[in-house]
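Chain lettering (A, B, C and D) follows the sequence in which the chains are written, and residue indices restart at 1 in each chain.
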Amino acid sequence: MGEPAYTTDEIMSIVASRQLRDGQVCFVGIGLPSEAANLARLSSAPDVVLIYESGTIGTKPDVLPLSIGDGELAEQAELVVGVPEVFAYWLQAGRVDVGFLSAAQIDRFGNLNSTVIGSYEKPGVRLPGAGGAPEIASSAGEVIVMLRHTKRSFVEEVDFVTSVGFGRDGGGREGHLGSGPSIVITDLAVLEPDPKTRELTVTGLHPGVDVDTVRDSTGWNLAVADDLVITEPPTGEELAILRGLKERTAAAHAAQA
Amino acid sequence: MGQFTSLSDAISDLVYDGAAVALEGFTHLIPFAAGHEVIRQSKKELTLIRLTPDVIYDQMIGMGCARKLVFSWGGNPGVGSLHRLRDAVENAHPGPLEIEEHSHAGMAARYSAGASGLPFGVLRGYLGTDLEERTNVARIECPFTGESLSAVPAINPDVTVIHAQQADRKGNIGIWGITGVQREIALAARAVLVTVEEIVDDLQPRGPNFAVLPAWTVDAVAHVPRGSHPSYSMGYTTRDNPFYTMWDVISRDRSLFDDWMKEYILSRDFDGYLAALDDGSILEMASNG
Amino acid sequence: MGQFTSLSDAISDLVYDGAAVALEGFTHLIPFAAGHEVIRQSKKELTLIRLTPDVIYDQMIGMGCARKLVFSWGGNPGVGSLHRLRDAVENAHPGPLEIEEHSHAGMAARYSAGASGLPFGVLRGYLGTDLEERTNVARIECPFTGESLSAVPAINPDVTVIHAQQADRKGNIGIWGITGVQREIALAARAVLVTVEEIVDDLQPRGPNFAVLPAWTVDAVAHVPRGSHPSYSMGYTTRDNPFYTMWDVISRDRSLFDDWMKEYILSRDFDGYLAALDDGSILEMASNG
Amino acid sequence: MGEPAYTTDEIMSIVASRQLRDGQVCFVGIGLPSEAANLARLSSAPDVVLIYESGTIGTKPDVLPLSIGDGELAEQAELVVGVPEVFAYWLQAGRVDVGFLSAAQIDRFGNLNSTVIGSYEKPGVRLPGAGGAPEIASSAGEVIVMLRHTKRSFVEEVDFVTSVGFGRDGGGREGHLGSGPSIVITDLAVLEPDPKTRELTVTGLHPGVDVDTVRDSTGWNLAVADDLVITEPPTGEELAILRGLKERTAAAHAAQA
C-alpha cells in the first residue's frame, strides 16, 4: 500500500495539529489555526481546551466556525464569557499554554505583521490589524505559527510588528509572560527558533520538499539545522478526520445558507 | 429609561453629526438595521468605535458617515478585506478617514474602564509592538512592584447601539450567547439604544451566558426583528454567510457599492431590505456584477 | 485538574502552615466545612483573606490558626460583633493578630487584579479616609488626564477554598445566585479547592447568575453536602439564622467557645457536626450558658 | 381621631423612606437603611431601584433580608452580578443616585466611623470596618445617613474617618464623584449640612422633641436652623406598611429557623 495522497494545506494542518498535547489550553485564531486545533481535538488530543477570543472557552464545535463568533462555538462551550474577561482573566493571567497564530508576514525573529504592507501612514495594503494577536503572542506560554511559505510572507523584516516574536533584533522576551514562537509550520517545512540566536531555522522538511525550495520561498538567508528531519507524512486516519471535518463544515454552512 | 420607540426616531434623537458612536456586537448581534438607519439619515463626521468594523462599518464608511475609526480588527470575517474601509485608508475615498487602532485586549480594557467610571485601563499589552508608538497608549508603573504595564484611555461613546434578543415590557434587555463587549460599551455610553428581536412578558434566555441590562440603563428600545442581519441573533436567526461572501464582490467596486446601497438601503426601510433578502433579489447585483 | 478527593485529604494536601488562604463566599456559599477541617488539622500561622470574615474566620482565629487577617468587614451579619476576632485584635487572645483592612471595593479590585495577572488594581476609593494611611494603598496618576486614583496590590492566595452547588463528573463547577468574589479569587489562586453540594451528570442551574469554573482551573473537588452551613447554598439549603444568633453567645465567652469547638468541631467530623445540628444538640451550650 | 402612636425607630425609618423618589437608584446598607429603602419601595416610591453590595440589582424582597446576601435578594433581583462588578460598573461609574448609610459615629461634618472606637492600634472597641461604605460615601450622588441620636454617636470628631462626609475640616468634596451627605435622619431630628459651612444643622424636629433634647444628645455645639420644621408624623398607612413588612420578615425568618 502506498502512502495516501494529500495537499500541502493538509500536511500543514496535520503537522500543526500534532503539536498540541492533551489537556493543553489553546487560544485559537480563525482560519488555519482553528482547523489545526480542532483536528487535534478530534484526533490526538481529545482533551485539548480550545479558547476563542469571542469568549467561548472549552468549546468543541462539530464543524469549523466561519467567524470567531459563530453560534456553534457558544453552544458547545464549557462557558462563555465577555471579551474583556477572556483577555484579562484567561489570557493575560497566564492560563493559556499555546497560542495559535497566523499573519501576513513573519520575519527571521518570528515577529508577525497583520497591520499594513508598506508604510503605516500611506500603506500599500491595509491589512485587518491586530485583533487578539499581540497579547496572544505576548502572554500565551508558547506560540505556534502557521503560514503559507512565500517570499512575500517570509521577509527579512516585517513592515510592522503587530505581534512580537523575539523582537526586531532577536533580543528576547523581557516583560512578556510567554516564551514566544516555539515552531512555525508552513506548507513546505517546519521552522524553529535557534536556541541561542533565536533566528528561525529550518528543522524539518515535508516529504518531497528540498531545502532549496524552502530557501527560494524565504526572504532572508535561511539557516538550516544540521539534524534536519523529514516530516512524518499524514496518516490515512489523520486525513480522514481532517477531510471529514471539512466536509461536515461545508455541508453545515451550505445548509445554513 | 427604556422608552420604546421606532428605530428612525431613536437614531434621529440620539445620533448627531460629529458624535462618537459605538455599534457593537462581536460577530453575533451586530446592529445592522441601526447602522442602515444612520446611513439613511445621512449622519456625518461620526467617530465610529468598534472592535471589529465588519460589514456594517464598511457600509457607513463607504457612505461617508465617518470622520474617524477606532478599532482593533478590520476585516470581513471568514472572507477577507473590508474594501470600503481599505479604500478610505489607502485612497481617502470617499474622504479621509482618521484611524486609531488598538488590539482587542486594549479596546476591551478601554471599554471596561469606560463602564467603570475610570479614566484609564491597565493591561499587559502592546509591549514591543509598533502599535505602541502609533496609538493612544502609555506606560504606567505599578506602585508596589515597579513593573511597567500599558495604560489605555477609557472610551465613553456619546451613543452606543446594540442589538439584543429580548426586551420585556418594562424595557429590561435580555441578551445571551456571545455577548462580546456589549455590556461594557453600553454601560460606558452617555446614551444607549437597543434594537431587539422580540418583546416578551418576561425575559426567557434560550442559550448560555445570559445577561440583563436593566431598563434604567437604556435610553431607547426599538423592536427590529432580524435587525442583526447578516450577523445573527442566537435563538432567532443564523449567520448569513453567503451575504458576507457577496459583500466582498459588492464592496470591491466603488460604483457597484454605490448602486447597491442606493437600491437596498437608501431607497427602502428595513422591512424593504428584508423583503429583498427573502425574495433573493439582494444577491442579484453581485452575481450580475 | 479537578481531582475528586475527600475534604480531609484536600485540606491536608493544599493548606500548609504559613499559607495565605482565602475561604470565600459573600454571605452565600461560605465554605464552613472546609474551615472546620483546617481547624481539625491544626493549621497554624495562616494569613486569612476574606471580605467578610464571618463566623468561619471567627472560629479559625479563636482556635489560633491565623497570624494575619486581610479583610474589609468583620461582623456577624445581622447579629453584631465577631467576638473572637475582636478578642484577638483588642486583647491579642489567643495570640496577636496582624490585620490589614480595606474597603469591599478595594478588596474586590485586589481580587480582580489577581485574577487578571496584574500586579495592581485601580479604583476611585479611600480618598479622604483614615484607611488610606493605615493600609496597603497608593495614589496613582492617570497618564491621560492627570487625575489621581487609588491603586491596590493584587491578591493571589496560595489556596482558595469555595463552596459551590454542583460539580459534574469531569469536575466542572457550577455556581449561581450571589457569587460574590468567588470567580475572581478562585482564578487568582495558586491552588483551588471546591466543596460542592451535589455531583451531577450535567450542570443544572436552579437560580440566577449562573457561572462555571472549568475543571482545569480547579485542583480538588470534594463532595460535602450542606458544607456551607450555617450560611446557605441557593437551591439546596437556607441560611441558619438562629445559628448566627447563637454564635453571639458562644463566641462572647472564651471558655464557652473552647468547649463548643471541642465538642462540635474537634471531636467530630462534618457528618458528626450535621448530626448534632439535626438533633438540635448543637444549640444546647448556648441555652445552658 | 388622634394620630396613630409610633416608636422613635418607626418615625426614623418613615422619615428616611420619604426621602427617596420614584426611579432613583439607591445603594442600600443592611439594617435601618434597608428597612427605610424597602418601605419607600412599598409605599411612596414603588419604582425605586435598590442595589445591595452583594451584587443584587433592582431587587424587590418581600421581607427584609437579615444579611446583605440573603437568597431572597437574588431571587427578586432584576440581575445579579459579582461584587467586583457592583462596585466598579455600578457604584463607581456614577449610576447610583442615593447611598444609604449608617455608622457607629458621625461628626459635625458628616464624616462616618465604622472602624474603631479609640485608637486604631489599641482600639477600645473594634467595629466591623469599612465594608462598602467608603465608596458609597464617595461615589453615590448624595448620601442619606440614619443613626440613633446619642452623645456617643454624634461626636465632635470621629475617632476614625471610615467614610468621608465633608472631611475633617469641612473642606469639601474635591475628588469625589458624589456631593456627600444631604440629610441625617435620627430618632429625634433631621439634620442637614449648612449650605455654606457644611456643618450639620438641625433643620427638623420629630413631633414632641425639643431642641434641648437634641442638643443634649449631640457631642458638639449644635447649630439649629432658623426655619426649623416639625416632622410630619407617620401616617396610618405608612405605619401599616412598615409594620406589615416587619411582621412578614419576622414570620419568614422564624419559619426558616
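Convention: a contact is a pair of C-beta atoms (placed from the backbone, for glycine too) under 8 Å apart; a residue touches a chain by one contact, two chains touch by 3 or more.
On a predicted model such as this, the values are computed, not experimentally measured, just so you know.
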| item | value |
| --- | --- |
| Touch-network distance, subunit A to subunit D, counted in steps | 2 |
| More contacts between chains, B-D or C-D | C-D |
| Gap in Å, rounded to a whole number, between the CA centres of subunit B and subunit A | 28 |
| Separation of subunit A from subunit C, taking each centre as the mean of its C-alpha atoms, in whole Å | 42 |
| For subunit D, residues contacting two or more additional chains | 79, 88, 92, 139, 177 |
| Residues of subunit B engaged with two or more neighbouring chains | 117-118, 123-124, 183-184 |
| Interchain contacts (touch definition) - all pairs | A-B, A-C, B-C, B-D, C-D |
| Touch list for subunit B against partner subunit C, complex | 117-120, 122-124, 136, 138-140, 142-145, 147, 149, 151, 153, 210 |
| Subunit C residues within the subunit D interface of the complex | 26-28, 51-52, 71-75, 77-78, 81-82, 85-86, 89-90, 101-105, 108-109, 111-112, 123-131, 134, 148, 177-181, 183-184, 207-209, 232, 234, 238-242, 244 |
| Parts of subunit A lying in touch with subunit B, wherever the complex brings them together | 30, 53-56, 66-71, 73-75, 77, 79-84, 87-88, 91-92, 115, 120, 123-126, 128-135, 138-139, 160-164, 167, 175-177, 253, 256-257 |
| Subunit D-touching residues of subunit B, taken from the complex the two chains share | 1, 115-118, 172, 183-184, 187, 211-212, 214, 216-217 |
| Interface residues, subunit D side, partner subunit B - complex | 23, 25, 49, 57-58, 78-79, 88-89, 92-95, 139, 177 |
